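A, B, C, D, E and F label the chains in the order they appear, each numbered from 1.
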Amino acid sequence: MKRWLPSPWLSLVLFLTWLLLNQTVHPAHLLLGGLLAIGIPVLARPLRPLVPTPLRNPGALLRLAVMSFIEIVRSCFNVSGIILFGGKAGVNSQFIRIPLDLRDPYGLALLSCLINSTPGTVWVEILPDSDELALHVFDLHDEQWWVDTIKTRYEGPIMEIFEGGRR
Amino acid sequence: MPTPEYLLPLLVLLPFIGSVIAACMPSDARNREAWLAGGVSLCGLLLVVWLYPAIVDGGVAHFRLEWMPLQGVAFSLRLDGLAWLFSLLVLGIGALVVLYARYYMSPEDPVPRFFSFLLAFMGSMLGVVLSGNLIQLVVFWELTSITSFLLIAYWHHRIDARRGARMAFTVTATGGLCLLAGVLIIGHIVGSYELDAVLAAGELVKGHPWYVPALVLVALGALTKSAQFPFHFWLPHAMAAPTPVSSYLHSATMVKAGVFLLMRLWPTLSGTPEWTWIVAGAGVLTMLIGAFAAIFQHDLKGLLAYSTISHLGLITVLLGIGTPLAMVAAIFHTLNHATFKASLFMAAGIIDHETGTRDMRVLRGLRQALPITATLAIVASGAMAGVPLLNGFISKEMFFAEALLVGGSENWWMSWAAVAMGVFGVAYSLRFISVFFGRLPVDLPRAPHEPPRWMRFPVECLVLLCLLVGVAPGLVVGPVLEYAVESVLGARTPHYDLAVWHGFNLPLLMSLAALVGGVLFYTALRRYYDLAARERVPVLYRFNGAQAYETAMLRLTAGMSWLVKRLSTRRLQPQLLLLMVALVAVPVLLARPPALLVFDPTMLAGADPLFALMWVIGCGCALAAAWQAKYHRLAALILVGGTGIVTSMTFLWLSAPDLALTQLMVETVTTVLILLGLRWLPPRIVPRELNIKVPRMVWLRRSRDMAVAVIGGLAMATVSYVVLVRPQPPSIGDFFLLRALSEGGGTNVVNVLLVDFRGFDTMGEITVLAIVALTVYALLRRFRPAPESVALPAQQAGGIDPASAQTPAEQAERGYLLVAGVYLRALLPFMGLAAVYFFMRGHNLPGGGFVAGLIFSVAIIVQYMLAGTAWVESHLRLQPHRWLAWGLGVAAMTGIGAWLLGYPFLTSHTAHLHLPVLGEVHVPSAFMFDLGVFMVVVGSTMLILVALAHQSIRSHRVPGSTGAPPRADQAQEAG
Amino acid sequence: MSAAADLPVWAAVIVAALLVLGGAIVLIGALGLMRLPNFYQRIHGPAITVTLGAGCLLVASMVYFSVLQERPVIHELIISVFILMTAPVVAMLIMRAAVYRDLRARRHDTGAVSGNVYRFPDEE
Amino acid sequence: MSPSSWLHHLILVPVLLPLLCGALLIPVNETRHRFKYAVNLFSVLGLLATAVALIWLADNGAWDAGIGVYLAANWAAPFGIALMVDRLAALMLLLTAVLAFAALLYSTQRWSRIGVHFHSLFQFLLMGINGAFLTHDLFNLFVFFEVMLAASYGLLLHGYNATRIRAGLQYITINLAASLFFLIGVALIYASAGTLNMADLAARMPAIAGTDLVLLKAGVAILALAFLVKSAMWPLGFWLPTTYSAASPPVAAMLVLMTKVGAYAILRLWLLVFSDGAGEAAGFGYQALLWAGMVTIVFGAAGMMASEELGRLAGYGAIVSSGTLLAVVGYGQPSLVTAGLYYLLGSTMAMAAFMLLIELIERIRSPGAALLALTMEAFAIEETPDEPVGVGIPGALAFLGLAFAGCALIIAGLPPLSGFVAKFGLFHALLNPLGGDAAVHSSAWFMMGVILFAGFAAVLAMMRFGVRTFWASGAVMPPRLQATEVLPVALLLVLCVSLTVGAGPMFGYLERASTDLHSTPRYVDGVLSAPVVPGVVGTEDAR
Amino acid sequence: METVIAIAIGVLFGSGLWLVLRPRTFQVITGLLLMSYAVNLFIFIMGRLWVNAPPLTLGEGVPDPNTFADPLPQALVLTAIVIGFATTALFLVVMIGARGLTGTDHVDGEEGDE
Amino acid sequence: MTTVLELAIGFVLVCVILAMLFCAVRLLLGPTAQDRVLALDTLWMCAMLLAVVLGMRFGSLIYFEAAMLIALTGFVSSIALAKFLMRGEIIE
């Protein structure tokens, strides 16, 4: 099982993607998609050393998605506003550090996706010595607010999803 | 008696065969070589004698072998009286020279080369005299030049030999080229190159408007070969050859080829004022100059050389005079001159051989040391001077008679010239024999003795002949001469009397005058002019042909160098400039376009302003790239990328989705590729001074290039516009649209074109990819980076970036690439899926093997970028070489598979399968072909990129390369 | 453009609204890229293009084609997925590259050291 | 012959065999050199046999009108890609195979081992050259040119050093630019005529007029520029001497052939497209070609005299020979083309032999000695004549001398070898147009003069080098030669000799080839009416 | 449209041409890239301009050639793109090889008089 | 009502192309390399959106593939450039 289906979720996604690409549910494509969904992960396995952590709490994922969608839309308009109407001096762009407890690479990846997708924040790197996240904020008013927001709104749910709420 | 015709080719071939055998013998085989060469000559002589009946009474023997029937040139041999006489001369003297050379050549000399060349020369000379075809005659003519060149430079370690050989060859071979041209003109006039036809067409030739050019060209050939003024200068320099060569080639045979040619073509070309002026004019000058210069030589062979020039001039004059009797005299004198001059050369060689010097200022009294040789030489000199009862006398007297005849009442100068020549001739003969008189000096390089018996034998033979002919000419050479003359003159053969005594007449008086005058002149020179102390020839030294030749050659070479320097360049930029100028100029000049540009405002109105706006971006990027490429490479690369995006979008907009996809992928891969390369291209730092001022020349050059660029761009724009506003001609494109689905089995016509209609193109195209990949790989195996880029890039060297301390794999596992790595590794299967998707749908919708291959390669390359070469290759063994080989093999085999079904290469077939659940499945063979394309694309892209990527690992391992401290100021891209 | 005529009104309105919104956001994002004064601010401009702008347009496209072809045409989802997977990577790599380049080149006017997260090497 | 017959596939073998052999060799490790070499040799011998067979087929009426047409992918001519073999193409294939054999033999010991993938690249080069000779489609010609050029880039840079890479950079850049020209030209032709097949183009010519004709002419002119760059016409061929002198000998020998491919393409295209039946455009560009060719000859001759090193001399020699060919094409007379083809054969083989020889000769010329000889001659320093005793020449030197002399004679066009026969043939054709009755054009005199001058220059230049090398070098060390290095040179020269001896039959064959070339309608009919194999999905009208 | 694309080709070709005439290898490779864009577009437009008429004969029945773009120039451009890509790669490697061996990025392998 | 849609599509096209123009301006002006890389990446994104919008304008699905391809691989050149800026070489 492990040998022929190293990552079932990936296979499923690939299968769906194939059907979506071809926009069909013709038996031939089902068969072909199935073969590809099995074959490609097997072939790609040597280059994918990290076995993804199984999702512990899919419900939290959904909640996170909805919440961050709202956040994205909100900050999108914020940023647009600044671009259109903000004066040059009015923007306080800064780097900030955010201490992180999250260690799971997939969790970090998800976090980075959320942060980078949210206009106004860009993930720079995890500082090597301190396990702190270096973040660039477009318009910084309150550094602590950002730290708290990230820790609670994003990191918490993500740790719930990937690490079963081990906080 | 066998048919004599078959003996003719044997006669010519024999020496050549002998030559090859001689060349193969060991270098010390002097005797064997001599036996061989002598045997060949004697056999030839025997053949010639055997062939005598064929020429009796004007008979002609022919041999013909087809060679180039298209041009009417055959290998044709023709033996008549003249040819017979000359063959006899060539072989007879050849045999004697061989014998002589056996003793003359020193044991250390590599004789095989000598005898081989000598025999080859003999064959060529026979070829000249026996040719029955003018073209063939030219062939052998040039062969004699070549063999003569080789023989003169036999002692090639001597600079005089080399120079003499080059000079002789240049002059005679150039003459040969002229002769070729002349002969071609004659052939054009006559309509045949066969000698028989040419000889019969004398009137036709002389009446043709091209007669004069033909005559001049042929005369140039003959005059250069026979060392006639103004080309005579090569002959004295050719005396650097070993003496047997001098006596054979430069007195008896080769130099006679010129006069032979004039005799041969006499019926065709002679008898016009032009002929007389050119031939006789050159002859008279040569005769006088040669004779005069001979007196003042100090080298024995030099004297003989100039005397040869003079005698050849004499013969030329006789030919130029053009009367039948003059022809008789010419042929007769040719024969006589050959006998006495060859013997004199041999005698000179003996003296040289025995005393170690040829300087007449040193040599005296040799009569005491070499009594027999001295006697022989004196007799031969007598013949040269025209002393009665020797052969020279008779022919010279005939010459005087002819000179008188022509000179007659008005052209007295001719007679005077003849007498003057006689006087000089006697004088230099005296000078020559003076070496035998007086007291033997003691300080000679060697103590002279009589030469070996057989070394003297040839001289004896020749001198005996001189005597015999001189005493009883009619008896000895009468018939032979008769037939020779007859073969030239035919019906016009005059009656003549070969006798020693014609009674007291004017010619005899002239002979006597010449003898007496010569003696007086010589005595006067000795007594009042101090001949021995003179370094150069009075008056004539100003006309130094050899000097002129050297100067001309130097000037020519220098001039050509100058010309080439002016007319060409080794630099790339001017060449590209020329190319680009030609691109615009040539079509304009050749096609002569009328005012093509009819601007149609409706076209502008039809333009989509958005499309225009997009191209504002594209053009802006292109122009900016052009502006930035010198110092800001990365910026230029990014800007080119911008243009590329716009181009792809244009393809998409204008109904070419396949192109858009391909262009997008190529864009990506090219960027990665160039970035990989940029690593090895050290940065260009903007020099300060360049910002201050640009030199005027540079500014001019840039303006010129700018002008060319603007014109080129305008031209392309114009042509594009002109094409676009014209309706499309009936093109073959429609066919593909109609047939793609019904017969090609695919709805994406472009793809069907690529894999079916024009699959052969694709075959070549993937081969190009494979070749380039292999080339790149091979190049990079030997790659040596620029010293500045050997060290680690500045970004990785300093301690600023914490990632510097990590290996690439660590960066991807724990470092800054951790998060990126999750995504990039997750993307890998999707890219693979996309590759399959584009591949599968290619035949019916945009996509195909090429795009799929690029997507796949990009997927792998991303992994390389993420984790580094070492990590990827330890986890994945992708063997691009195999991909390449398999890809090409699959594509080609798919094509060949059609053969099995009886169809041409690449004919596509579609298998229609009915499978249970899946329904109908079409598997076209084009699919396999596309698979081959896919594999080649993957293989070559990977090979190129990976080979480039490997350089980074490799160079750090080079011992000593890390010695240089990494440079911190390596700002690759100035902002 | 004849295709657009086949669309029912309600769909046309939705699609048009989404399009206008998306288009405006795309434009604003690019405007930000052009107008903002330094790199660290400019990088925030395209982020809205990538997320909301692209999102709106893709949804519009999905609705448009689904209605037009009377079947669910949702393969634009794949594009969104790919964007979500690639955009963060690009942003963080460019950002990090910029930070360390500025640190190395000691460029003071770019804001590379704002907020005391990064320091110029010799000022530590 | 039926297009489905197995013998018919022989037309494709010159392309496919090297392709497959080249592909087979790609993954083979370099340590298995012997195997690689064997495969390469097998392929070359196969090509040799194929070429002989094709000549036999073409000359013995296996096909109608001596034109064998192969419709790749079984599509009728203007639509699919047609390959075509006639007498000339078959002969060129043979020439390629012979040169390849010689070059390959030569590279046995050393040159094939100094870098990787020599054998694959060599095979691909052959594929490109053969394809360029065979194809009858303009864009396919471009593809094969690219195959050929790409392989030649690789081979030129094979085992590279600073000189070679400098030359390579120049060569590659210029040829890349020329390839762009090729594309522009093809595009314009397609835009104005709507076809890419040469025969179809010829058939459409009479109907093209007006602006389309101007565009077509411009397209062909640009296309010709691309060919002329490859055949090194002045002033587009300055890359050639540099490249030739930098390339390794076997590669240089193959490069000699590549300049001829350009001339071949021009010959083919011009005779087909601008023949007498081409309507308004008949005779387009002939004059320009003629004069450009003559200027090229003069330039090459001057270059030969000005050259100070053997490699460049040879390069200029190649320029002379392609100039001659261009002038011959431009003169526009069938009998001259016959002679020109004969000239092409002889000069190519001799030049290739010379390229191979140069490196062997360089071995005896220690640079110091050569320099000394140079200065001595320049300042006419008299040596004291030594004892009249020669120095023994070992066999190797004798061979080199003989081979050098042979090459020199052919290149200079002196008797008795094929160079002279070719020169004579050219002159004869110039002086006897149309069987000798018509008037001789004044440009014929120019051309004769120019060719004679080039011969003269070649004589002087070659003699200078020969004398300096073989005679003037002080201490001549007999070089060490391998049999595999001697044989190819000898082979090529022996072929030249047999070309001389067999001039009659050779001219006969070339006469037939040239007559073929000049009968455009036969090509048009032959190619356009070539039948396809009735197919499984085939319909009658186009398939 | 015609005017726009004609001008675009002219500009691309002109700037490529300017770069090709420059003395630095990188300029030349950039120039060749730009010129090959121009030439590809040039070949492409030989089939004239067609908006929204890609040569995909998806419909039923016999397709009407007048409603599709000419596929042949597209196929030619595709081949040209591929070959252009290959030669770019080659030129690049030769370029860096020359830089390493000759010590200069001048196209002649030695500094000129500029 | 359909004209509204057409107008909207036209408007988006204008927006997207103007956005591309802005990117191009940043591309030309720089001033730093990272600015250019960012601009190029945004240009890719705009090109992808352009493909989507063109697809809507012409009512055809074949433009989708181009968009998907850009979404999938357009980032590669951006990260290659970024890595080049950061590390001096893109494959270590």
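Convention: a residue touches a chain if its C-beta (ideal position, glycine included) is under 8 Å from a C-beta of that chain, and two chains touch if they have at least 3 such contacts.
All values reported here derive from a predicted model rather than from experimental measurement.
Asks: Provide the labels of all chains in contact with subunit C and in contact with subunit F.
Replies: Common neighbours, subunit C/subunit F: B.
Asks: Quick one: how many steps at least from subunit C to subunit E, stepping chain to touching chain?
Replies: The fewest touching-chain steps linking subunit C to subunit E number 2.
Asks: Please find the two chains that have the most C-beta pairs touching each other.
Replies: Chains joined by the most C-beta contact pairs: B-D.
Asks: Just by CA atoms, which chain is the most central one?
Replies: Chain nearest the centroid of all protein C-alpha atoms: D.
Asks: Going by the average position of its CA atoms, which chain sits the greatest distance from subunit D?
Replies: Looking at centroid distances, A is the chain farthest away.
Asks: Please indicate which chain is farthest from subunit B, where distance is taken between mean Cα coordinates of the chains.
Replies: That would be chain A.
Asks: What whole-Å value do you get for the distance between subunit A and subunit C if each is reduced to the mean of its CA atoms?
Replies: 16
Asks: What is the distance, in whole Å, between the centres of subunit A and subunit B, each centre taken as the mean of its C-alpha atoms?
Replies: Between these chains, centre-to-centre, one finds 74 Å.
Asks: So the centre of each chain is just the mean of its C-alpha atoms; given that, what is the distance between subunit D and subunit E in Å?
Replies: Measuring from centre to centre gives 29 Å for this pair.
Asks: In whole angstrom, what separates the CA-based centres of subunit A and subunit E?
Replies: For subunit A versus subunit E, the centre distance works out to 40 Å.
Asks: Mark out which residues of subunit A touch at least two other chains, giving numbers and ranges.
Replies: 17, 21, 109, 112-113, 123, 125
Asks: Could you check subunit F for residues that touch two or more other chains and list them?
Replies: 14, 18, 20-21, 23, 32-33, 35, 37, 39, 58, 60, 62, 68, 72, 74, 79, 83, 85-86
Asks: Return the residues of subunit C touching two or more other chains; collapse runs of consecutive numbers into ranges.
Replies: 29, 31, 43, 45, 50, 73, 75, 78, 82, 85-89, 92-93, 96, 100-101 - these are the residues of subunit C that touch more than one other chain.
Asks: Based on which chains are in contact, what kind of graph results: line, ring, star, complete or other?
Replies: Basically it's none of the tidy shapes, so other.
Asks: Strictly by the criterion at the top, what is the full list of touching chain pairs?
Replies: Every pair of chains in contact is listed here: A-B, A-C, B-C, B-D, B-E, B-F, C-F, D-E, E-F.
Asks: Spell out the residues on subunit A that touch subunit C in their complex, using ranges where they run on.
Replies: 17, 20-21, 23, 72-73, 76, 79-80, 83-84, 88, 91, 93-97, 109, 112-113, 115-120, 122-125, 127, 134, 136, 138, 140, 143
Asks: In their complex, what parts of subunit E are in touch with subunit B?
Replies: Touching subunit B from subunit E are residues 1-24, 26-27, 29-31, 33-34, 37-38, 40-42, 44-58, 62-63, 65, 68-75, 77-79, 81-90, 92-97, 99-101, 103, 105, 107-108, 112-114.
Asks: Quick check on the complex: what are the subunit F residues that touch subunit B?
Replies: 13-14, 17-18, 20-21, 23-24, 27-28, 30-33, 35-37, 39-40, 43-44, 47, 50-51, 54, 62-63, 65-66, 68-70, 72-74, 76-77, 79-81, 83-92
Asks: If we count contacts the way the header does, which residues on subunit B are in touch with subunit A in the complex?
Replies: Per the touch definition, subunit B meets subunit A at residues 802-803, 813, 815-816, 818-819, 821-823, 825-826, 828-830, 832-834, 836-837, 840-841, 863, 872, 875-876, 917-919, 921.
Asks: What does subunit B use to touch subunit C in their complex?
Replies: 794-795, 798-801, 816, 819-820, 823-824, 826-827, 830, 971
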